[in-house]
Amino acid sequence: MFYHDGKLQYDVKVDKPNPQFAKMLQQAIGGIEGEMKVCLQYLFQAWGARGPEKYRDMLMETGTEEMAHIELLATAVALNLEGATNDVKDEAAKDPFMEQIMGGASARHILSSGMAAMAVDSNGVPFSGSWVVGTGNLAADMYANVMAESAGRVLATRLWKSTDDKGMKDMLSFLIARDTMHQNQWLAVLEELGGVEGNHPIPNSFPQEEENQNFNYNFISTHISGDSKAHGRWSEGKSIDGKGNFTFEKGVPQGRKPDLGKAHPAGFAQKEQMKNDSFIKSAFKKVKE
Amino acid sequence: MFYHDGKLQYDVKVDKPNPQFAKMLQQAIGGIEGEMKVCLQYLFQAWGARGPEKYRDMLMETGTEEMAHIELLATAVALNLEGATNDVKDEAAKDPFMEQIMGGASARHILSSGMAAMAVDSNGVPFSGSWVVGTGNLAADMYANVMAESAGRVLATRLWKSTDDKGMKDMLSFLIARDTMHQNQWLAVLEELGGVEGNHPIPNSFPQEEENQNFNYNFISTHISGDSKAHGRWSEGKSIDGKGNFTFEKGVPQGRKPDLGKAHPAGFAQKEQMKNDSFIKSAFKKVKE
Amino acid sequence: MFYHDGKLQYDVKVDKPNPQFAKMLQQAIGGIEGEMKVCLQYLFQAWGARGPEKYRDMLMETGTEEMAHIELLATAVALNLEGATNDVKDEAAKDPFMEQIMGGASARHILSSGMAAMAVDSNGVPFSGSWVVGTGNLAADMYANVMAESAGRVLATRLWKSTDDKGMKDMLSFLIARDTMHQNQWLAVLEELGGVEGNHPIPNSFPQEEENQNFNYNFISTHISGDSKAHGRWSEGKSIDGKGNFTFEKGVPQGRKPDLGKAHPAGFAQKEQMKNDSFIKSAFKKVKE
Amino acid sequence: MFYHDGKLQYDVKVDKPNPQFAKMLQQAIGGIEGEMKVCLQYLFQAWGARGPEKYRDMLMETGTEEMAHIELLATAVALNLEGATNDVKDEAAKDPFMEQIMGGASARHILSSGMAAMAVDSNGVPFSGSWVVGTGNLAADMYANVMAESAGRVLATRLWKSTDDKGMKDMLSFLIARDTMHQNQWLAVLEELGGVEGNHPIPNSFPQEEENQNFNYNFISTHISGDSKAHGRWSEGKSIDGKGNFTFEKGVPQGRKPDLGKAHPAGFAQKEQMKNDSFIKSAFKKVKE
Amino acid sequence: MFYHDGKLQYDVKVDKPNPQFAKMLQQAIGGIEGEMKVCLQYLFQAWGARGPEKYRDMLMETGTEEMAHIELLATAVALNLEGATNDVKDEAAKDPFMEQIMGGASARHILSSGMAAMAVDSNGVPFSGSWVVGTGNLAADMYANVMAESAGRVLATRLWKSTDDKGMKDMLSFLIARDTMHQNQWLAVLEELGGVEGNHPIPNSFPQEEENQNFNYNFISTHISGDSKAHGRWSEGKSIDGKGNFTFEKGVPQGRKPDLGKAHPAGFAQKEQMKNDSFIKSAFKKVKE
Amino acid sequence: MFYHDGKLQYDVKVDKPNPQFAKMLQQAIGGIEGEMKVCLQYLFQAWGARGPEKYRDMLMETGTEEMAHIELLATAVALNLEGATNDVKDEAAKDPFMEQIMGGASARHILSSGMAAMAVDSNGVPFSGSWVVGTGNLAADMYANVMAESAGRVLATRLWKSTDDKGMKDMLSFLIARDTMHQNQWLAVLEELGGVEGNHPIPNSFPQEEENQNFNYNFISTHISGDSKAHGRWSEGKSIDGKGNFTFEKGVPQGRKPDLGKAHPAGFAQKEQMKNDSFIKSAFKKVKE
């Protein structure tokens, strides 16, 4: 069960309201790198967690914290929209805010939400539940989480550099710090689970002898002429998971050209794709009688 | 520029066509864990790559390989749909394939594609370009790729366990092997880039002194009573990136309760949310004159 | 069956074409508050209506009217785009329309539709059939409709305030009037159906004694400290539906902490989430033999 | 800021795990009538609330409660999936659970989430942020909320009738009770705000004399022959908002047939849609010189 | 403006209600090949039509007819759902309809719509406004329409073959007939506009001398070895539009390998992707001072 | 299987980077008229092709070529974004690029991708797999392809006219040329398959005597008064497919008004929609006992 205290996890001050920055902040709310995604991702992972109890608990702790981050950002959006109005345009021309709302700001921040945050990204594309990843495999999920916090911190630093508003920079420096922690946190779980060698290949519960042993540690080059520059740690030496040796190989097809044959009459392809008229007729005979 | 030879990267045989399994295979084509996603993700990352040339090349090599994986799976779907028809149901009742198409198989595999693969997941939800992640930050992207291959291998092992068709199991054991390699491959890049300490916190180009130093290595517990079980590697000791020390702290709000004040007349909230009538009237006066 | 006369329900004049306003009008066409939604919502509700015939008929009447509203707005968009061109930019710099098309207008209004309306919202997000709500329960549907016309009228008033074009203001004052009527219309159905006491709780056909009697009229406060300001009509007195008495209660969990146990081998979680190796091995034995 | 205690708001017991019912429960999690929608809707409305403080607080209280409802349902889904496996099909044939997973259950509950809930509806369609409605107008939002709880209670009663599992029926009777309260709660706000006459037409802050007075209380019949059955409370008597009188009128067009004229060359329509060749040539001359 | 008469364009009878067929019919309502798409596509094309008046009128006529087709199909869905209930499953087991609803039918047809049609496809994926194509170029739009009616007729014939219900077969034979007409209708416009030679390349208003003359009539083979079987009418002889001659050529890159250089510090890539530390520091200096 | 050579199919030069044009180019990458769509459409059609081998091969050849077009455009986007930064705004004011990024450019090109192309359209709406059309009917698919190349060429010409950058115009003149070829190519297949008379009505494998003979060649006018201007080639003379004669007819309903009767109790409509209380009670009795 969940509770709240109505206060913000960190203070949100906006010195100069800026509707364009409000639009950019939406990326950190409803974008694929945003807080709605990590909040729901950690909570759904917690709710479906099987195995050691502490991972479920930890996911729940941090998923709940992320709720507060959406709250911070939603407040920041609302405050940045103060001053944005839809007054008639002739007057707007004299008004720097109106240039913004007509220029790079989001019309829906006035038209749809009345100067409040929405569950969308910076282009107004709605948040999608498809972004909430929980595979039920703890290691795969931790990588999903490291990745989410990495993309999230990259986004937050870019936002930080896009504004010179002191309040906004301060709030973002808090969120950037939390992303630092959360990157470390999910990496700590991977370390507890045995590190790269213990976890990989993920899932580590699949009997590895069942995978095709001729293709599991080869870098396959698809370069047509073979003069690829794609050599590196991945093309020689022991594999990172310690269970094989990397090789570099030019890709060649192991299979034949596929042939799906003629179309079945029931699919109503063109006649030219089917066998012949008598075949088609026989397929329809039973219906008509 | 791209080329093809018309052959399959690995042989695809289906011993017993199974429309239900065709539907499940769609998850590996157009699902968020599927091959369309990784193919496009690696190619878009390559096309936008800045910095050392070899990473661009490597991404291009593997993105191109993934095209061949979509081809494998699309062929497998088409072959599993052989025998699936939309013949009238009274006859279908006697026909085990028809029970399947009427039961758990995908109606669109007949109605829309005429027994061929589609760019959708196992529920018929269309592939979304939003899943193609490329941040422009190489380390963040590598984690996105490790995660994609981890979720992908988890999916492939579950598909492998869902069928007893020899041909399908063989094809999947090949794809599982490639996922093993690709997990290792992206980890190898992270190793080349300096490993966890070199890369984290991602992005490593943000001046870390700008992030809030009071919140970057603390596990913040949101448990109401404080008897959380969420203790572990992440709550004590040196941080995984080697740049801080983990602590465990009970979360307390640093900010006040937000107050957005009264609504601006231009937003057309209800009157009760605004200041007073004279304020509203003055906002409309200029329009009417 | 449906008919048309090719004329507009109300006259549409645009004094000064404005591509930015064309973009904003798209919200009223393909947005979640727009006319496509209400048109299709009323028609689908009519087509699925069971029970008294007059409600089906009324829904059909108004759904058909809404078609004409899409037509009005689509015409307004096309007229606002007159003058918007994609001429080369050096010349554009001198041209106020080009500033608009490069600034806040929609590139797709030139690139995709050739200066015509599209089935998208003001951000270019496509109309979604998921917004077309029809539950089959007449009272629930009437609230969906009151809500749609309320959000729609709010949108229309905001658009009205965003323009000083006489023709546009006139067209919008017509649409605002229709929204007034339609709000009243759906409320009139609710009144006919017995008003709040007759309709609530919706559905009124569920035997209310089957719902948990300890939780059906309590305001549950999730405030951590209990000093919530959330007191009001909903926390004391007779319930609005007349079937209970409101109370204000601090929320406490009635359930235990969930425990999903260990993961089943078939899910290919990490080994650490499963019972033990022998359990895993036994799960795979049958496959390999 | 938000907190949790790790316990369930209400106990969740599943007597007979049923993967098909798990799939149906997803509608109440990630569907448009589900708990994710109401949770986020109330929280976003709270975060953007302007005007009397108590409404913000109340929205926050209940939005936080809805988090616990997602938790209940996610737990119920996980428990209903216990026993669902992807073991090979020949064995499955003997296994009633496998028939279900192969029949009407969701393949993604095994393939993607490893037997856990997902942020999708019962068809696997992802939750969409576009469903989170907050207009910034309190009355419009309250109707959105009454509607959400009405559709939600209709859904919950249908789920209640779809199962004979005692635990599931008990959990649903709790959720049905909460929907009863929440319907009443949002209606209580509308009563506090002045009831129908005080609130309508929404927004009540728009100067009603600006709306077209000839069309704001007329039921416009679009029936071709005029023998519509659509007469009722909405077609005569005082309007429900008390500000007009209903009339019943046959719709006639007030506008002319629209004429968009010839296409501008820059839109690259077909030549036949444009004025004439010399017009086209002149449009291209400046480019070529 | 639009009108209706409340009657169906063609009679709809369902002899044996079949919830599974109801689900399949949804493809013809809300699917990409369905009637919502063509209805809205023709109407939006009409509303944006520039040039000869008769094409606008014709599009309006047929767009309005398609409204009636959605009505037919929505009625057919509702009638096929009669008998589908969500009664508890133990009883359902004895009931052939319940097996269907639990097997291949759509749970949302009970849970969400209460046995009525929805604006979704046969998988429950919502109709998308992105499918409504209108380019503003009449010839391109006519091809979009021929294609829509072709895919639509293919779908309708597959549905026809999927049922042996007399009423349904009769309704579908009507819809199939209309698709025949509409294919011919849009082709007739193309003939009026000058046929293939007059229309192509579309748009015919672009000065063709501006397109690259070395690549406009060559079939470029991307086959790696050159032994492609892809020879045919398209690889030799006069081009179909009569404006060039087909050739068959092996593709070779005309461009170099792209090099995007180092990353700009403001993008917060990893340091390794950027020039050097001093470059990075200088980028941040101005911010901090 | 697929290969690449790392080089561009055509040279990409950008003389003056322009973030706004980068945004517009996204329409040609991830838009419904874009290269991702045609690439995947041709490849999926190839992978599912049944019937004459050469069509499968041809589709594969051109699908592979389109990969190279995405590559061209992605490179062009990245080069147009050079110079776009998120430096603080006070400085930006002096910087023409910053005006663009703040005006009409895409914030996500900095925030999300770090100045690289994304799998989205010009509004940031993600590419959708639903746009990838393959019906399994070769003629229907060829029309889908002609249509895609027509809309694609219209888009490319509009982009060509939107820029005066020499490099961009040159690249677009190449893409426009390829669209010319591809329009001709798919038309050539239709000619090989017998032209209009041989192919139509599509599918030509459905026994045409089964379609309703009274409605297959009539233009049905839905104009209310009959004075429609919609006369033309489609309303008289031999049908284009040569299998009927066009007529012009005023539409009249052939069916009755639908009556869905009372609601079943299991749907939990409002009581007023159901038969009577005893009916409802009997429906619930069995559950409670």
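When the chains are written out, they are named A, B, C, D, E and F in that same order, and each has its own residue count from 1.
In the analysis below, contacts are C-beta pairs under 8 Å (C-beta built on N, C-alpha and C of every residue); 3 or more make two chains touch, one makes a residue touch a chain.
Predicted model only: the values in this text are computed from it and were never measured.
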Margin query: Return the chains shared as contacts by chain B and chain C, ordered by label.
Written below: A, D, E, F
Item checked: Where chain B and chain F overlap in contact partners, by chain label -> A, C, D, E
Next item on the list: Note the rotational component of the Cα superposition from chain C to chain E, reported as an angle of 0 to 180 degrees in steps of 5.
Entry: 180
Check: chain E and chain D are one sequence twice: same or different residues at the contact, by the over-half rule?
Finding: different
Next item on the list: Would you mind pulling out the distance in Å between where the CA atoms of chain A average out and where those of chain B do?
Entry: 6
Next item on the list: Mind checking the centre-to-centre distance between chain C and chain F? Centres are C-alpha means, answer in whole Å.
Entry: 25
Checklist line | Where chain A touches two or more other chains, by residue | finding: 1-9, 32-33, 47-48, 53, 57, 60-61, 64-65, 68, 75, 78, 86-88, 103-104, 110, 112, 114-115, 120, 123-126, 128, 130-131, 135-137, 139, 154, 157-158, 161, 164, 202-203, 206, 222-224, 228, 251, 253, 258, 260, 263, 266-269, 287
Next item on the list: With chains as vertices and touches as edges, which is it: line, ring, star, complete or other?
Entry: complete
Item checked: chain F - residues contacting chain D, complex -> 154, 157-158, 161, 164, 224, 266-268, 287
Next item on the list: Spell out the part of chain A that touches chain D in their complex, as residue ranges.
Entry: 1-9, 30, 36, 40, 43-44, 47-48, 57, 60-61, 64-65, 67-68, 70-71, 74-75, 78, 112-120, 126-132, 134-137
Notebook entry, point to check: How about chain A: which of its residues touch chain C in the complex?
Noted result: 1-6, 47-53, 86-90, 102-108, 110-112, 114, 120, 123-126, 136-139, 193-194, 199, 202-207
Check: Inside the complex, what are the residues of chain D that reach chain E?
Finding: 20, 23-24, 27, 31-33, 103-104, 121-125, 154-155, 158-159, 161-164, 222-225, 228, 251-253, 258-263, 265, 267-274, 280, 284
Next item on the list: Over in the complex, which chain B residues touch chain A? Could you list them?
Entry: 3, 5-12, 32-33, 53-54, 57-58, 60-62, 64-65, 68, 72, 75, 78-79, 82, 85-88, 91, 110, 114-115, 125, 128, 130-131, 133, 135-137, 139-140, 143-144, 146-147, 150-151, 153-154, 157, 160, 170, 173-174, 176-181, 183-185, 187-189, 191-192, 196, 200-203, 206, 208, 210-224, 228-234, 239-241, 244, 246, 251, 253-258, 260, 263-264, 266-269, 286-287
